[in-house]
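What follows is a pair of complexes built around chain A, which joins chain B in one and chain C in the other.
On to the complex of A and B.
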């Protein structure tokens, strides 16, 4: 079964197209007539944005060409040396790999997993249970990342943590280990905490997106005898594409900017195994006193997130759904 | 790349370089300072301390309150950080050129950064050995912050690293403090058989492992080679003693610690707690921690805290009499407008009364002032620790502050790899050599 325009029209008058201007707006004077006033209105915002968002970006780019001794304040121009070092630095590549892992796992759990969970919650008949479940899944998102990181640090603690205790209790004692103290598990343990933290937020946003889909579509599909799986793939999934695109941007950008949880739980250790770009630039600057190099890493983070955001924005723009 | 994009990038790069002042020195020459001048008892003194958190925090607060009673027009801006957070705080303040009038420092490379950067006032006229104020301190404590014959910091307290042990458990198992590394390993097996964690060890932050390594390096690497290797300019890092010491460290982690390879996931304070609660037999700790580990309400206080030096191997090629540790002190900012007042406040902080107070529980920070640590005000382990530090052939500064940060960072990662068993001593030494070469 496919959702036909006939079913749509027969059910109820469609909501106003999102892109349609209201009748009132047509009566307004052209924007150009108020040009100078518009400039006055937006000028403070533009100045503040320029001062606090774009000027530091430009300054950081400048720092990345310097060797900077913070103690004497001496700054020496070193050209592209910091970038050459960065490309030859195994910890930089390890960090980038960890960020990529973060992004891939976050897309799987926080975008597609959350979408499925939201569809299941919204598919429940009981309004009360829907509300309760939304709240239950959302609660972890209300906890700050630092607090969640500390909480999970104690959950993962090898001697007193409840994760190993639970595994022991379940007869899975062979699987107990120092989750944050082993090079092969540390980054995955942190990513797992992040998924727990962000999952509910994404679920809630998908719930909102699903609620915006006219119920008539589902009713029509049910009348045609369509099962829940096909309803999900034929109605829900296509009509939350815009939210999916947005969530992809948010989670992927977030995965390349991750800092707090890694800092709190491992500081990038042991032996740099859980280092991500954010913690590596921090460590380069504030621990190794290598601020020029840290600025180069920061520039790399900026470029990566900018490119990803542009690509995703373009893709999601092409797929924008209007009804 | 499109022409417009290229132009934009070129413009951005040019603007960035112009904004940062690419090839200039951003530093200002240090103001002429005379800490010996008569202080004006007015204004605000800003102080960055390493006394954040319980039980240390009240010490500087009380000092400031007492000083204010004497000089009501002086006010204080106290920034109190912990051992972990002060590194970041100091660097942030330095980078933003907002260093306070008085600030904490470790000895070694850490202090030298401020001295070389013109941020440390030359205190030689007032604190050098032979001066009225300087005579109050042990000469070795003053020399820890000396460079090129000048003295740059006020040593507040001494420090050293010792193995603390539970006297009741040792007595119960008929154990005596081991005198060689092999005896230490044997002691561990006796404790393990009796159901105790032999040595509690938490290496979550990496530096606890470095403290073991540095003491073992002092035992196994000849002193001259070790000293040369701290500086990238003279470092060779070729002595086989490094490999032997790292081997000993790995043995100790595997044979003596309850958490073994998992220790990178255990907090230092969790390990400290294990000794305080009588769950472990030993714990490697600084003198500064003795009174907080064996606090008044701890089981360890009842059982009795004993200390001994981490034992060296019988055939050690380095200096078996050396001990790891160094005084910690306070620098007066060379750019401070209140330098004379800052010096006066530090004289007040190191007078005999305040020095004795600092050495006594609950602070237990053995003052660098002569005679401040005594049976009248300090606990037995603190007195014994300071005695051994004073009798040691040499004081070896912590590995994470004696060398440059990039090399210290390589040692840190290497120590964690040794604990986890993911790298051999050869691999660790190779990565440290690479970091040292790059830092030249």
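On to the complex of A and C.
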């Protein structure tokens, strides 16, 4: 387990058989130096990715320097115009801010909230209860974001939705409102739905990480008379630290790729208040017929996700678990 | 003193359990509400959102099915099955090449394939639209099949490769001593040994494809060609006043994956844990 954890990232896989470049060092059947025929193994994957992932990536950069009318097909080179426009576009900044909000709130709920929840679950004595709770929390993650988005669209609906009905029932009738219809609540309502959808997945992963901690550590702690809180802070927390780091990055990069739930619930409205980079890109390209500008926004998304991915690589390179 | 702290601990346990159960109820209630609304009448939906259905109108499901959900479901099943098979096969094939065959520039190839992990589909969206239009694959299920496969190969290869690296080299030696070719060793020796990871990658890919929205929305527009996530938003905008039917459609989309999750829970957990854990 520890081997495969790190080996692929360093691209120097000592335990991987047959990857040796010096066949002399091993006494096995002579390995052909570089069998060009062997590329058939990776050709399908490389072709698919090259054509449909990497090539578009490069093309996108090219497109971001064009003014491009999809109907007439006219493309004019406009230099950095799209980028200048982007930097002066309040909706672009609003989107970026919303993505950042998404990231911050998701870290609170889906990383730290999930971690505490997982510790609570794993602290239960009954194996059965642990299994049931993990599964129940995960169920929202299994349904599609579209279904979840539509469902919460109805939950937030002022007349038939259960959120306002529940507030009324609890005597908090003053707080009832059209959650998705107002500029100051729409994005928060969407983010809340995302937390409902995603926290079970993170809880599950933290549960697995906690299970990997050898029970001897806890046994030793209980002999020393360590209480549950101290046990959490001095054993569980440090030993899932790598998972925490990784989850943070996964959650943050997910927050900058949000699209689906915003599209389904508000399409970025009202008045662009819940716009995120993904939906703004979509709207610019496909609704406002401004493909060059959309490509520039896509480049911004790419740079953000690239930076986050590099950080993720660094973290995972360091994470070599000790047990 | 001992009894007091023991009492506190016991109390803590009860409180934690109560909290966890309460949270479970809050989490699941929206889904229960969705299922119940699918069998209500429109009037009931508005009268009291918490009430149970008076007469269970199961024909909402039939109406939803006939209003296109049946077509969307068929498309979703088709795309999901085809792209899952293609993705897992191509990934296992590549993982074998990367772990057990000597490939020229294998490090470059490795970085190229696994580097795809960090590419967001939105970034490639605009050029892909242009490319598929010129290929004549716009509004064609091939577009979805190709894109889902291309964007899932990195993660799937990553998982299968990690698993294959842990398989002992003696297995290959034994196979080659027996005179088996590389391809034969792949099919008859390595692939059967990879069954656990193959099952979990299949489940993860089904989950992804069934729920994907962005590509499905952009690359298909004709009714019958749309997958469930896109179809549902259509159902909503076309028959948005007949809410129970929309709820029934949502249930039809959600239930298969929930059932699948419970059936393959063990593998799901393993796949997820390995995926992010490694």
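Methods note: the second predicted complex is superposed on the first by the 273 of 323 C-alpha atoms of A that agree within 3 Å, B and C clash if a C-alpha of one lies under 4 Å from a C-alpha of the other, contacts with A are read in each partner's own complex, and residues count from 1 in each chain.
Just so it is clear, contacts are C-beta pairs under 8 Å (C-beta built on N, C-alpha and C of every residue); 3 or more make two chains touch, one makes a residue touch a chain.
If you're wondering where the values come from, they're calculated on a predicted model, not measured in any experiment.
In the superposition on chain A, A:146 contacts chain C only, with no contact to chain B. Counting residues of chain A touched by each partner, chain B versus chain C, the larger count belongs to C.
In the superposition on chain A, A:87 makes contact with neither chain B nor chain C.
Of the two partner chains placed by superposition, chain B and chain C are both touched by A:291. In the superposed model, A:263 lies in contact with chain C only, and not with chain B.
When the two structures are aligned on the shared chain, A:305 is found in touch with chain C, with no touch to chain B.
In the superposition on chain A, A:243 makes contact with chain C only, while chain B stays out of contact range. By the document's definition of touching, of the two partners only chain C reaches A:208; chain B does not. When the two structures are aligned on the shared chain, A:233 is found in touch with neither chain B nor chain C.
In the superposed pair of complexes, A:160 makes contact with chain B and with chain C alike.
Residues common to the contacts of chain A with chain B and with chain C across the two structures: 55, 59-60, 63, 159-160, 285-286, 291. Contact residues on chain A toward chain B in their complex (touch as defined above): 55, 58-63, 65-66, 69-77, 156-160, 177-183, 267, 269-272, 283, 285-291. Against chain A, the residues of chain B that register as touching in their complex are 12-13, 15-28, 87-88, 91-92, 94-95, 97, 113-114, 116-119, 203-206, 258-259, 261-267, 270, 405-406, 409, 413-414, 416-417, 419-420, 422-423.
Residues 5, 9, 12, 16-17, 19-21, 23-24, 27-31, 33-34, 37, 45-46, 48-50, 90-91, 93-94, 96-104, 106-107, 109-114, 116-131, 146-147, 149-151, 153-154, 157-158, 161-163, 165-166, 169, 172-173, 176, 182, 207, 210-211, 213-214, 217-218, 228-230, 232-233, 236, 243, 246-247, 250, 253-254, 257-258, 260-262, 265, 268-269, 272-273, 276-278 of chain C are the ones that touch chain A when the two sit in their complex. Within the complex formed with chain C, the residues of chain A that make contact are 1, 3-5, 7-8, 11, 13, 15-20, 28-29, 31-36, 38-42, 44-46, 48-57, 59-60, 63, 117, 120-121, 123-124, 129, 133-140, 142-147, 150-152, 154-155, 159-162, 165, 169, 196, 200-201, 204-205, 208-209, 227-228, 243, 246-247, 250, 253, 256-257, 259-260, 263-264, 277-278, 281-282, 285-286, 291, 294-295, 298-299, 301-302, 305-306, 309, 312.
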